Amino acid sequence: MTPKPKRITDIGPPNYEKFLPPVVKRNYGQWKYHEILSPGVLVHVAESGEKLYTVRAASPRLLSVHTIRLFADLADKYCGGYLRFTSRNNVEFLLTDEKQIEPLKGDLAAAGYPVGGTGRTISNIVHTQGWVHCHSSATDASGLVKSMMDGLFPYFAEEKLPAKLRIAVACCLNMCGAVHCSDIAVLGVHRRPPKVRHDILPNVCEVPTLIASCPTGAIRPATVNGKQSVEVIEEQCMYCGNCYTVCPAMPLNDPDNDGISIWVGGKVSNARSTPKFTKLAIPFLPNNPPRWPEVVEAVEKIVTTYAEHAKPFERLGEWIERVGWPRFFQLTGFEFTRYHIDDFKHAGLTFARSAHLKF
Amino acid sequence: MTPKPKRITDIGPPNYEKFLPPVVKRNYGQWKYHEILSPGVLVHVAESGEKLYTVRAASPRLLSVHTIRLFADLADKYCGGYLRFTSRNNVEFLLTDEKQIEPLKGDLAAAGYPVGGTGRTISNIVHTQGWVHCHSSATDASGLVKSMMDGLFPYFAEEKLPAKLRIAVACCLNMCGAVHCSDIAVLGVHRRPPKVRHDILPNVCEVPTLIASCPTGAIRPATVNGKQSVEVIEEQCMYCGNCYTVCPAMPLNDPDNDGISIWVGGKVSNARSTPKFTKLAIPFLPNNPPRWPEVVEAVEKIVTTYAEHAKPFERLGEWIERVGWPRFFQLTGFEFTRYHIDDFKHAGLTFARSAHLKF
Amino acid sequence: MAEQNGKSKTKLLDELEKGPWPSFVREIKKTSDVSPTCDDLLGQLELSYEERKGHWKHGGIVGVMGYGGGVIGRYSDVPEQFPKVAHFHTMRVNQPSGWFYTSDALRTLCGIWERHGSGLTNMHGSTGDIVFLGTKTDELEPTFAELTKAGFDLGGSGSCVRTPSACVGPARCEHACYDTLKLCNDLTHAYQDELHRPPFPYKFKFKCAGCPNDCVAAVARADLSIIGIWKDEIQQDDAAVAEYAAKGLDIQKNVCEQCPSKCMNWDGKKLTIENKDCVRCMHCINAMPKALRPGKERGAAILIGSKAPIVQGALLSSVLIPFVPEAELMETLKELVSRIWEFWDEYGKNRERVGELIQRVGMANFLDAIGLDPAPEMVTAPRDNPYIFFREEAAK
Amino acid sequence: MAEQNGKSKTKLLDELEKGPWPSFVREIKKTSDVSPTCDDLLGQLELSYEERKGHWKHGGIVGVMGYGGGVIGRYSDVPEQFPKVAHFHTMRVNQPSGWFYTSDALRTLCGIWERHGSGLTNMHGSTGDIVFLGTKTDELEPTFAELTKAGFDLGGSGSCVRTPSACVGPARCEHACYDTLKLCNDLTHAYQDELHRPPFPYKFKFKCAGCPNDCVAAVARADLSIIGIWKDEIQQDDAAVAEYAAKGLDIQKNVCEQCPSKCMNWDGKKLTIENKDCVRCMHCINAMPKALRPGKERGAAILIGSKAPIVQGALLSSVLIPFVPEAELMETLKELVSRIWEFWDEYGKNRERVGELIQRVGMANFLDAIGLDPAPEMVTAPRDNPYIFFREEAAK
Amino acid sequence: MPTFEVNDHKYEVDEDGFLQEPGIWNETVASDFATTEGVTDLTEAHWKVIHYLRNYYLQFGIAPMIRKVCKETGFKLNEIYQLFPSGPAKGACKLAGLPKPTGCV
Amino acid sequence: MPTFEVNDHKYEVDEDGFLQEPGIWNETVASDFATTEGVTDLTEAHWKVIHYLRNYYLQFGIAPMIRKVCKETGFKLNEIYQLFPSGPAKGACKLAGLPKPTGCV
């Protein structure tokens, strides 16, 4: 019997210090200010006077090892082998030689990973798995992102906006991402209650957990064909899918009724206004792959309306709050429906409880 | 048998037009602007150029027929017999002759009904019945008002404040008045659960209504001494008294535990900011009749702090929101306690959900 | 009565006769000559002050024939000690719109109350009624007979339309955007039956404010809050603006910067208002009433649902119809109110105000029921949670 | 594989190779040479695009020995059609703080994944992990062995500490008020056990942002959000302010008027900040990074409780400790976190995030349990409802 | 405790004249109390309302909402006031021996 | 439906190897499944955990929270991982014949 090699566990991630470029190590915590040299290109100047140039390139996030190696090669070629990824999944090359910026941009463009996303742009869309990997999805994520970013590309490559604009996609209400606090959020939704699979339910589900999972208490114990199962009070179901998360016997996919909702005006930063949740703009658009034209059109409408009307530094939600939601609906032409009026827990607090009115 | 006189019913109130002074009738809806000539004295100028002078006098609201007749006599003497009361229970004399203002003020002062309450003052305190007439009260209303207004009198008689300041008193959580939206609210509170009177409960109460009345579901059916009654889960009770409103067998008066809470920063008008609810400043002060010195002191502290720090036109709540609640507690010296943190339905929305912080 | 054996019987209350503010104790004392109930009222009140608790029993149910409300029954819990307030009911008398009186009318009221009650009143109760404070059951009918003969009627109590009230409005205020007094009066007369014979799950209050200053606290205390507003541009008199500036008003700081929609610009000489962004808050108009006035296209916004905290927490009214022209106000309200009541009657739970019903069933369902279309003006923002009940017809 | 009989098998997906944005379809296609799973992934995805629905089964439960998480099991629901993705598990690999890499490190990772998986990754997952996208159960242990040998470890999944993440912080940002990378790294190492062996009622996330700009969305996506902040005055360089003004920045309009606390004054030459009123929003600093900088007394605010909507609606984190000096951060957090977990473990319901627990039991009770005093900084405003649970000891 | 005496019967009542022991109610009680509420003759119409109230109370432990009374008895609200001049709460409920309606006044 | 064959027994399992018919569980099942989860010998300690899980499931219809397992069995979390290297959810629950734990992954 060959002795088993001792398993290495619980070592945690490698220490980040190993991966910091020398210029960063030398000036760690000593940065003085930065400037945006051109879209996607930053310079950070240290107290010491040293400069660090960052070139940010687009990434589809779903990356082949080939592409990662390409990035590694470019890093070797232009910046001593140092690079990083951003919290929005772009890739950043960290240079010390200003003259290398343009050649690097050239190589990236040639390879199909264009540069941009800094300052007053639309950066990469934070997104989730969709049909590529998740069982829960009401739509695909990657396809939506690709379709939207193709249309919005000028806003990535050039600073054409009053401020940053952050878009996120989530393929179901679990919202794996900051969808609930994005300037624009594209959210996959179901519109039919789960179809209970009584045949397998008792064997694969913890019924008490299942019942407790429903935010609206729509799930009740029931005996079906002599077996313990559950029933869904359909009027109480708002298709959140949480029951499906805890029990495989509660699928709610339905091609004709699944689709997309669009949300606007959230933010995360504390700059000027406090962080905000995203609010409903369009309750439903159909899933129309591969290019989701209705979604792309709606998102572009929001972006162009915002670009035209907001003041410098004003995020989308700040602009809407200043001009008022009625104006938002009027300018975009989106319909205001019964679905826009909140009816969940804190609904009453969203009613217009004043005579502040615009005409 | 003498024929019964036909009962007159459903005639409604007399038509207000009968009571309007001629100058008002002539200029009805044609007022152009007004000025405050001195505290308690307004002039309204009509399009026609006619002027209407209003002299506003303090009233304890609880009025003797003798006092009402005194007002009637003064109205006859100075203004053709026309007068009105305000939505805050002051009395207003409606004059056309400017020269009569000072004599009227003199007569009113002599009779003990001083003039003031317009503009940037503290007007009359809206209040309720208290021990004078209500079964539900955790404190007296009239006595509190008298004690506070004696102390705050200079703020009624002179325009010493940045803006209007509205005080209200309610003797229990039913809040008969705009207590929930006042600059300062003084609210009688209980602090012990009702003591169920099992002896009479089944005879005098509708038990299902009683159970449904409790906002926190603290009341459960119970059988006591063989009779149907209820029990109160004490940890779930927050002493709102709604059960007592629907059932006499649930008294919760308790001299040592009843007392006063103080609330600040509400408003009703739409001027500048939208209407606001009043927020907790002091959870409990003892009932200390006849002069409630602790309450008077606390209210004066709020008023003087506000007077010192707020900007012109800024209502109390607007000032607090601008400088922040931490500063309010710091400046007044009031203690911030566990009771200040909301734990009712929408509690989570009052948490400080940002990094906006002052130090 | 105040003295006995040289010692005051109302030692604590006597303290409340001191000081500059008019004293309710003095009011009660001086009414002794009208009715001996005043003595016992003082006595019981002194006892309450000593013991720090009230001495009234849980509300009674008394009234006049043919009416289901208007009287609040009240009995002492120490009737042996204070027999004259053993019964001490109040009568709510519906005030004339805007609380205007002639001295004669007041004297008539005083006479009636002197003959039949304690001689004590509240001018007025929080809802707006003239409150006749304290009488016996036997006196209710005679008082009522005299009142109606004099042209007065009872106000509301119980699960009915409560006495509507209105700010002084066009009678004395330059801001009034509709005739509050007339509307209040018309509503009161239109709903006499609903006011006197409680037909609802709970109370229903109307309040009429002539402009967004809301001097009658409609937004906080009325199930239906009718608040005057204008649709077109603020009327502006540049010369008068300049006058205010000359007199020392800091127009930049105290007008423009305090404008909630930041839609004003002051270049030191000329004030410009971007009216399409103005939220009609009234601030600039309040600050310069001589220079600025509401526009000419006037009417009211209709808001729904405010109330005190019981049961589920206090509510403010919220926008139901952003603008109704003054001329259509009464007609619109009658139609609207009948639909609201129909739904509330059918679906309201016992002691559920209309505002709480809306919270429970959802605004969208309520709008459906009363036949109004959803509008973005009704909300401060659309929903932020994704828990949408899609309708079958919407889904395939 | 893309073509069959001259016709593309991925007609719909091919559409997504067009356009300027880099294409995930191309990424998958070009990885065909690494692993044939890519072909079946594309095939199944094309099927999803045709049918407009996903084809993955409800999550599996697979993993490596000794760990309770780090792998998301996934099985196709059409394995007959696409046998190569019958199993298609992802492995979450814990990223280095701040997502910094050397080209060598990346190549090592690529090598491992080429040998054992699909060759597809997410750089990175929303929580921050390197996501290795798609492999079979058998490959999990070998991949893990190679990873740890290379110095990498798995990230979190299940009811555990999830992979903490941090903004770039002091490595490249002038605003960083504490060392986000070090804190993130230290936390990750301190809680290896809790990260790999789910001990909690539900997941627990840490995110470290160096300043209130919150470039890692900590306030929205972390149970514990550690956000850099300063306590003293904004550092100001007047010459640089003038330079910005000269270059055309409208300091009055775009800085002062957009300051949420209106605590700045610009007289055309000199900028004055009333620092005691500043809420540290970063706006002015962002607008003029050369001229303004966070103060010198630096540290972080600790906020608690944010999460996505499931079950009771989304939450934002809220202030728990307004300021901890940088030097005391790790120590304070360790103490605090242990108390929070103790309470959550004891009282949290299954699948109840700490934010929802606080909502359920009340913030005051939660503070009591973890031994913190209530402070007004924790709320936007004190309660507005009178429903106070007075404690027995407070009452007499 | 006040008492109410009529037709040789003696009832314990509260100050408002409501029967204190709802259990002892029978039709005689209703007739006895009628006089105090301005009802001279108890007609079939009166009994219809009284029995409806009584039965509802026995079944649910509460008085029905007024809309229900009207719906179920077929009388309009003003007709009920004609039958019971002191109103459904003070008049009809008293005659039906229900506990005094409380709450909303 | 995949099957799992061992020691002449044949079980219906899901892809993750969880027993599909929780009802048929007995101690032999546990022993049969042990091999797949890296457990070589089922000691008393193993049985303690397995029986605790099984009983809890039968009583409440759910798997206990991990803190409860530790508290009730007296094993620390890392000890449980020593006993069941694939962990309490994938390992111990599988041996105890519980449905596959879902939800939080």
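Per-chain residue numbering starts at 1, and chain names A, B, C, D, E and F are given in the order in which the chains are listed.
We adopt the following convention: a contact is a pair of C-beta atoms (placed from the backbone, for glycine too) under 8 Å apart; a residue touches a chain by one contact, two chains touch by 3 or more.
The structure displayed is predicted, hence computed values, not measured ones.
Common neighbours of chain A and chain F, by the contact definition above: D. Annotation of chain C and chain F: jointly contacted by A, D, touch as defined at the top. When the interfaces A-C and A-D are ranked by C-beta pairs in contact, the top one is A-D. Per the C-alpha superposition, chain A sits rotated 180 degrees relative to chain B, a value rounded to a multiple of 5. When every chain is reduced to the mean of its CA atoms, the largest separation from chain B belongs to F.
Separating the CA-averaged centres of chain A and chain E is a span of 65 Å.
Mean C-alpha positions place chain E and chain F at a centre distance of 67 Å. The distance from the centre of chain B to the centre of chain C, each centre being the mean of the chain's C-alpha atoms, comes to 12 Å.
Distance between chain D and chain F, defined via averaged C-alpha coordinates, is recorded as 33 Å.
Shared contact sites, meaning residues of chain C that touch two or more other chains, fall at 57-59, 65-67, 72, 193, 212, 214, 219, 227, 260, 262, 279-281, 309, 313-314, 316, 350-351, 384-387.
Chain contacts: chain F has residues 14, 62, 100-103 touching two or more partner chains. Among the residues of chain B, those touching two or more other chains are numbered 173, 175, 180, 209, 213, 215, 240, 245-246, 248, 256, 270, 275, 277, 344-346, 353-356.
Under the stated contact rule, the graph of chain-to-chain touches falls outside the line, ring, star and complete shapes. By the contact rule set out at the top, the touching chain pairs are A-B, A-C, A-D, A-F, B-C, B-D, B-E, C-D, C-E, D-F. Chain B makes touch with chain A in their complex at residues 270, 274-275, 345-346, 349, 353-356. Looking at the complex, you find that chain D touches chain F at residues 57-63, 65-69, 72-73, 75, 87, 157-159, 193, 197-203, 345-346, 350-351. Within the complex formed with chain C, the chain D residues making contact are 257, 262, 309, 313-314, 384-387.
Of all residues in chain E, those touching chain C in their complex are 14-16, 18, 38, 62, 65-67, 77-78, 81, 85-90, 100-105. Against chain B, the residues of chain D that register as touching in their complex are 212, 214, 219, 227, 229, 231-232, 260-262, 276-281, 301, 303, 305, 315-319, 322-323, 358-359, 362-365, 367-368, 374-390, 394-396.
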